Each structure stands twice: as C-alpha cells, then as structure tokens.
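In the part that follows, the structures are each spelled out as structure tokens.
What follows is chain A paired twice: with chain B in the first complex and chain C in the second.
Moving on, here comes the complex of A and B:
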C-alpha cells in the first residue's frame, strides 16, 4: 500500500498531537482530554487554570511525553540513515557500538555514583563508536562493510566488559537492568531542551542529505559516477547519528527496535525516497515510543522498562513486514 | 578531449592496466574489446575516478584528479552493467538522479526528465517502479539517467549484455543517435559491435594492442590473436547481417 506521501506526513503529524493529548490524560489521575485542552488554554492566557491539573500536565507528564517524541524522532531518523548508508535492512542506530559502549559507562556509573550514569554512558558510547570508526577507515574513507564488522566486534567486547562489571560488582542489579532496557521516568524539561537541540542538529542534516541518501542506495560506484562524494556523506551522517544516538541513550538508556522498525514501516507506506522518509521515519518513531511509554508507565505492575514494550510491539510488526515481503 | 598518458592501475600486486596511452576525441565513438580480465572495466573505472591510478588522465587539458566528483560527473557519465534492484524508485525518480551534479532543485525539472525519457523511448514507463522493469527497459532507464547528466562523454559497460535481439536493436539505435557525445563502450557482443560505428580498441593484459576501424585490414586477425581463437570461428559472427 502506498499513500500520497504528503497526506501521510500530515496524518502522522496530527496523529502525534492526538497521541500526546491521549497520553497526557492517562496516568494515576485520569484527566479527560477536554479538561486538558481547557487548562492549556487557561494556563497559556493566564486566566486562572486549575493548579493541580496544570502541575500534573506541565511538570509531570508533559516533560516525559515531549522526551518520548524527541527520542522517538532521533531514533527513527538515525535508524533510517544507518539502514541506508550500510545498505542493510537490519541496521539500527546502535550498530556502531553505541549501546554496548553506553552499557559499560552506565555499569561503571552505577558502581561509582548514579549521578554519573548519563555522562559515563555518553563517554563510553562515543569511545566504542570511535574505535569502530578507526578500525574501519581505509583510504581516508569509512568502509561500511568493515564498519559493520568492527561495530559488531566492538559491541561484543564492550558487552563482555559491561557484563563483567554488572555481574561481579554492581549491587543494584534491578537498577542497572532497568537502565539497560530503557526508560523515560527521569524526564525533565532540561533533558527535553538538550535533546531538542540534538534533534535540531541531526534532523535538518538528514533532510539536507536526502538526495544523496537516495542515490547512495544504488551503490557506491553509481553514486560516485553521478557526482556524490560518498565518503564525505557516509562519514558525516554516521558520525552525527552515532553521536546524537549516544546522547539519547545516555539520558533514557537503550531503547531497542524503534530505530529498526520505524524506517521499515515508513518504506512500506511512502516508498524508498528519502525526500519523504526523512520526515516519515522520525514521526513514526515518535508515535511508537510515545504509545510504548504510555503503556510502560501505566501497567498494573507499576512502571516497567519501555524497551520491553517497544520490543513487544516492534518484533511482531517486523515479522509481519518480512512475511509480506516474502509473499511479494 | 580525453588524454590518457602512462595510465597504470594496480590491484595489490596485479597490474590491471599497464602504462596505457590513449586519446579519445570529442564526439568519438570507441568500442573497447578484450578478453575477460584484460582491463576494460578498470579503464572505465579509472576514467570515472573510482580506482587509484598512476599516470595522467586529462579532460580538456585538466587532470581528472583535480576535479571534484560533481565536476567530473558533468564531464563523464556512466552506464554501468545492468543490475537487479529491490528498490521501488519510479523511472522518473531514478532518471532524476542524473541531475544531481547539475542542480539541487531536481523536482522542478520535470520537463527535462520527460524530454530525456522520450529521447530514449520510455516516456510511457515514467511512473513504473524500477524493480518491475524488463532488462531492456531498465537498460534504457540507465542510459536516460546518464544522458540527462548532459556530459561530453558517456562510458558504457556492456550495454547490450543480457538483452534479447529486439531490445539490443533498440538500445543500439538509441546509442547511435548520440552523435555529439564521445562514447566508450565495453562490449563482448559481436553482433552489436558490428552494428556500431566508430573505432575499435583492443586491449589485452592491460595493454593496448590495436586501435582502428573495423575496415582495417588487420582487424580480424588482431581480434583472433587477442582472444586466442581462429578467424574462421569468429568470422561467422562478425559482419553477420542483423537487419
């Protein structure tokens, strides 16, 4: 099924807004959507809103919801770029070593001081990415085949280190596990601000490179002969997406499947062209993460890691897409 | 004018092109023949700046190594060997990729794309996706993508390979209309070569062994030498009347 891409992008935009409103109303205190809209209006124009409801909306639920949207967009667009540049449908933004690097940093953080977890996760994620890139450089260019293998190898190494630390040293096993599976429970407006800046870096860059990404699907040789500096495009897009993904992971942990599945859903609906996919993949990512996070924070067991929910939603979707492809 | 001097390309220890000198004039049609592994594709790859090389390749006096990819794409377009593709770009989107080196505003160039599709004879396919095309249709789409680059030269790697007789004829007809462009065609298809005008360049083990017209008195014997076969065995193919 292929819809008109423009209409689909507009649809996704409104779907996101609807999802935000629904998610705002769900929680220990149920607030009807009508009440939310009324309070937003009263709050915005300073006409004496209900302060209890406003506090729940603006200081508890909204920061987290905004974070889900931003992180979903970052993972969606990074996943898209990774799959295209590697020409590998199983590409996800963690492929270059981001997740296992971050895991090592987080494990050390839990050992030393929980406050250091985000910083160390980011530093070690970048370390893993850096090592992968260094290994895979040839002739001053990133060799993508090498980079996949380097990323996998580095990931195994860092995972081993993380497992060692967690198994032998860390007392707060439940805390580590929660972090590894990802969660948005700690969201603040400060997080939102910084990740919004990150989104403002990666998103326009990928929109700018949409043409190059299309052409690079035809292979390096053809892309070069058509005038694309493939080495530069690969290095810039992969480095930026790894950096931004590391930043996202350092705040919310390792949330799987969003980066993998969002581009696939997008392609099924609007086709291959990045002209549309660079908008569609992040919006799909935002919606999946938002729905998943809303479920994760309102299960009867209390809050569970959102990574569990994204995998529960993502895996069947991916299997369905693969099944459809086989039938074609 | 392409001016090649002392071109040497090595893959590790193997010498793929050995100190090759060659001139290709503006508008010259050159057929490149040689046994498998003789260095034909390597020559194309060197001209496109896809392999590191020693020696010099000059385009209108400028060394190609001094050009950016975009500048080089404006001079030389490439028709790669036909490939199979899973991607669902439409023919129009696919052909528009040829505009990359010329403009960033490809979406306002519909007319140019349709003109080119008409020139190659596949206008009616513009909304079809490239993964559903037949071999002949895809080959013409690839040629259209190279044509829209508006370059002085087009390099073609086996443009008639895997095509049936009818598609081969159609592709050859399209190519023969490119009178104002320099063309270098790698081909093993003797029937096709027979139909094409221009000079023939024979290379073997990375060296040029012959350059001249098909009417040259030594042509057949040189081909037989190059491919290590007898004239009688290729004689039936060469000058086989196609139409």
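Moving on, here comes the complex of A and C:
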C-alpha cells in the first residue's frame, strides 16, 4: 500500500497547514474559534484587538507552533541523513554526541544562570560532536564505523559528566529534567527566525545531495564505481546535520524520537528514494512534533515535557509499522 | 568424685544465676516506660520507645521545629543546611550527599529517633527503621495546619507537649494578627515563580500555596493540579497577576528579566510588571518560605507586607 510519492508530499503539506490551524485553537486558555478569527482580523488591520487574546495568539501560540514545525523538520531531515549515512536504522541526529554534549552545557547553565543554558548547550554539543569527528577522522574524511562508536563513547562520557553535575550540584532538578525531555515553552519570534535560517541551510543541502544519498545506500564500493565521493558527502552532511541539530537542541532541549521515527514512517510510505524522502521525513517530523507539543502544552495539570509525548506517539507508530513489515 | 560434686554445684549456681539475671532483665523490661505509636505524614504508624533522648534531624525544617517546641537539647546531629537557630549550626552534621543522608553516620550517632522529609529515599528510611531498628518520623506538611499537627506530634514524642502547644498557639496568633490587618483590603492576584523558564509555581496542594493564601494573596495557579506544576504563559496573560513573587537563586535578579528579556513584549503588559509589583526573595526569605516550620509565620508576614504595605504602616 504505497501512495504516489508526489501526491503524498502535497498531502503532508496540507496536513501541516491544517495541523497549524487546529493547534492555534487549542491551548490551556480556552478561546472560541470565532474569537480567534475575530482577533486575527482586528490585529491584522490594527483595529484594537483584545489584548489578552491577541497576545496569546500572536506572541505565545503562533511562535510556538512555527517553532514546532521548524524543529520537527530539522530533526526529521537530520534523522534521515544520519540513518542513511550510517546505514543504521537506529540512527538519530543525536548519535554523534549532540544530546549528551548539550546536556552538559545545560547542566552548567542551570548552575550559573538560566540565561546561559542555550549558549552553553550549543557550545558543549559542538564540543562533543567535534571530539567524535576528530576521533573518527582518517585521510581528511570521516570513517562512519568509527564515528558511530566514537559518538556512542563520547555520549556516555558526556552523560556521566552531566549526571554528576546535575546529581551533586543542581538545586532545580525539575527544571533540568524538563529541559532534558525537551520543551517549546520559551518560543519567541526571534527563535523562529534563527531556526528558520538554520533550516534554510540544511534543507536545500540535503535536497542537493539526494542522489548521492541514494547511491550511498548501495554501499561505498558501488558509490565509488559510480563516481560519487562518499567520504566528502558523508562528512559534509553529517557535520551540517549535527551542527543544525545542536542549534535546535540548544533552543528546545532534547526532544527524542522524532529524528528516529520520521524517516522510518516516510520509507514505509514512499519507499527508499531520497528524491521524496528529503521532503517527506521533515514534514512527518513537523506534524508529529506539532501534535505532541499541542498536547504537551494543553494538559490539565499544566505543561509537561514534549519528549514524553513524542515517544508516546512515535513508539506505537513505529511498532505498528514493524509489525506490518513482519506480516508482509 | 569430688570433681563431679563441684561440677554439679557450679552448674546449679550458673543455672540459678542465669535464671535470676534473665528474670531481672525480663522484669526490668516490663517496668520500663512504655512506647508510643504515632502516625507520620507518609501515613506510617511509627512506634517509638520512650523516653526519646537522642534525636537526629535530617532536614532544617525538622531542626527548627525541635528548637521551637523546646526540644532542641535532644538533638545530637543535624545537617550542614541548618541555619536556624544559631546554635543548630554547632551540632555535628550528618553528611548529605545532595540531600540524601549517610545511613552510617546516622547510625553512628545512636539516635532513638530520626526526623526526615520525603527528600530521603524510601530505602534509607527503610534501612534505618527495619535493619537498625531506629524509629524514623517523616514530616511533609502540605499546609499550615499540617505544620501545627507535626509540631504537636513531635511534642508528644519528645515529652515537650506544652512547648509544642505554646508554639502552635503563638504561630496561630501571629497569622491571625496578619489576617486581621489585611482583612479590609481587596485581595491581590499573585504569580509565584519557583523557576522562571518554564514557570514552575506552587499549586493547590503545597504549603507554599497555603502561605500565599494565609498572607491574603490569590494564587493564580489555584486551578492547576499537583503541588509544583508548570504554569503556561497563556494563563499568566489571561489572569494578568497584580503581583509577581520570584524565589531566590533563579537567575532573576531584578525587573529587567521581565522588561528586557525574551518575552518582554508580553511581560511589559502584565499588571505586576507594569506597576513594578515584583518581590524577589533573598536567601533568608527563601528559607522562610521553603522550610515549613516555626519560621513559616515570617513567610506569611513578609508576603502580606509586600501585598498590602498600607496595612502595616
């Protein structure tokens, strides 16, 4: 049961738009759809909108929804690249040390000042990624087998450091735990702007490399015989996706599962070709994160970390797809 | 032959002596003062052998309650977090590895009673109670009357009932005094920030919420569930609190966090920030608020004075 990939991409695009509109009408403060539409009109034409409603829509919900879409796309496309380059179905964009590096930075940030959390998270994520790449470098290119092991080792090392700092030093355990499970609560238009630029870097690059990524699936020997310099493509795509993922993590914390599950769902529906997957995986990521975040911010007991919801939604979907594959 | 006789005599003497000693011991046990069984805040029935002579406190709020009811002299150890009263800091400290006590050190103090809060893991309480046979009382008050009942329990157990009664009456009269003063003012809505991002606050099942209520504040987090939930910016915008209170050590040092920060365009329109009605705790104030015990009255007084300065002129 496969859809025409092209139609599926258009379907996903419209699904995202519908999802955005539905999310806009859901939240901890109940605002009737009529009021939302009225205030969008009043706001757009500068006719004195209700302050409470327009602030909630334009400064709290909308920037957050946009952020969910952008981050979901970044994690989806980064996850796709990671799985392809490592030829590993368990690949996710945090594999090169991003998440544990970011956790160390965030833990230090929670000790020093909450304002430093994003900056330190980014710096330490890049540090962990940098170490992993340095370890696995040979002849100016990365050896992916080495990189996956280096990434895992570096991750364990940084996790130990993060746990040590959090366990012994950080007083605000709830705050740290929330950050480690991810949350879009701090979303502003400024965040949206910078992450959109990040998306503009990574997305066209992966579209550009879509054929190389396809060829890589056949193995290094095949790729070489077809004249594709896999080493260079691997190094560039992995470095860029680690960098952009670090940026995303520094803003919203460690949101798990999106990068892992989105490419798998995409493959089950449109097949292995990156010609379509580079569009499908990020759009699926955007939709999963958007639905998850809308749930996370609207629970009656107050907001809960979105990472809990993404796993709740993503894991059953993946299990279902695996079950179907087994039957086939 | 002689040896046999001597052996028999020795045997008889030994047996008789043993019986006497055992009987005496048994008798002594029976004539010992009884034990007392009380219910702690975890709902456990704890039996404590009386009289209690050596107490180890594993939390500053427990230490404060002991001194306040006049039983401070029974303490043989407390924690390095203790700061009130001044002489509590001179006691030997039980090592607290990020809040979790060292069982070895507690046992080494040979206490009759250990006072704990739920920051200690169940395993530690279990180890002390069941392996070393030391009674452990866990106090975790959820509101101010729960603080009173904990103090009365402590008074009962330590033989300082009258002291506990006096302290509870004193606390009640102070809080009543505050409430009389502010009775004629209309209530101010309040956002309490335990942590700024996401905003952790005190929900309806916490003693901090009860302190706010006792001080005449309307906690905007009343509708959330759980003691320390996250409150959404949406709700802050909707409820538009008249005052904001921020705990110590959150990175928020003055109003510029709100007026110049990431979400300044939202905060600048919130009543509390517009009117500069912001209170940021110093370390001592934070301790008053966060350590349920005799100092809770200072927390209530401080919040009430911030909310209704005219009432205290």
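Assume the second predicted complex is superposed on the first by the 303 of 328 C-alpha atoms of A that agree within 3 Å, B and C clash if a C-alpha of one lies under 4 Å from a C-alpha of the other, contacts with A are read in each partner's own complex, and residues count from 1 in each chain.
To be clear about the criterion, a residue touches a chain if its C-beta (ideal position, glycine included) is under 8 Å from a C-beta of that chain, and two chains touch if they have at least 3 such contacts.
Just so we're clear, the structure is a prediction, and the values are computed from it rather than from any experiment.
S.K.: Please indicate which partner A:118 is in contact with in the superposed arrangement: first for chain B, second for chain C, both, or neither.
M.R.: In the superposed model, A:118 contacts neither chain B nor chain C.
S.K.: Quick one: classify A:188 as touching chain B (first), chain C (second), both or neither.
M.R.: second
S.K.: Per the contact definition in the header, classify A:52: touching chain B only (first), chain C only (second), both, or neither.
M.R.: A:52 contacts chain C only, not chain B.
S.K.: More residues of chain A are touched by which partner: chain B or chain C?
M.R.: Partner with more touched residues of chain A: C.
S.K.: Would you check which partner chain A:271 touches, where first means chain B only, second means chain C only, and both and neither mean what they say?
M.R.: It touches chain B, and chain C stays clear.
S.K.: State whether A:256 touches chain B only (first), chain C only (second), both chains, or neither.
M.R.: After superposing on A, A:256 lies clear of both chain B and chain C.
S.K.: Mind sorting out which residues of chain A both chain B and chain C touch, each in its own complex?
M.R.: On chain A, no residue contacts both chain B in one structure and chain C in the other.
S.K.: Show which residues of chain A lie in contact with chain C when the two form their complex.
M.R.: 27-29, 51-52, 55-56, 59-61, 113-115, 167-169, 171-172, 174-175, 178, 183, 185-186, 188, 190, 297, 300-304
S.K.: Which part of chain A faces chain B closely enough to touch in the complex?
M.R.: 139, 211-212, 214-215, 217-219, 221-222, 224-229, 271-273
S.K.: Give the list of chain C residues in touch with chain A in this complex.
M.R.: 97-98, 195-198, 200, 203, 221, 224-226, 228-235, 237-238, 240, 249-251, 262-263, 265-266, 269
S.K.: Across the complex, what residues on chain B touch chain A?
M.R.: Within the complex, chain B touches chain A at residues 45, 48-50, 52, 68-70, 72-74, 76-78, 80, 83, 85, 87-89, 93, 97-98, 100-101, 104, 106, 145, 149.
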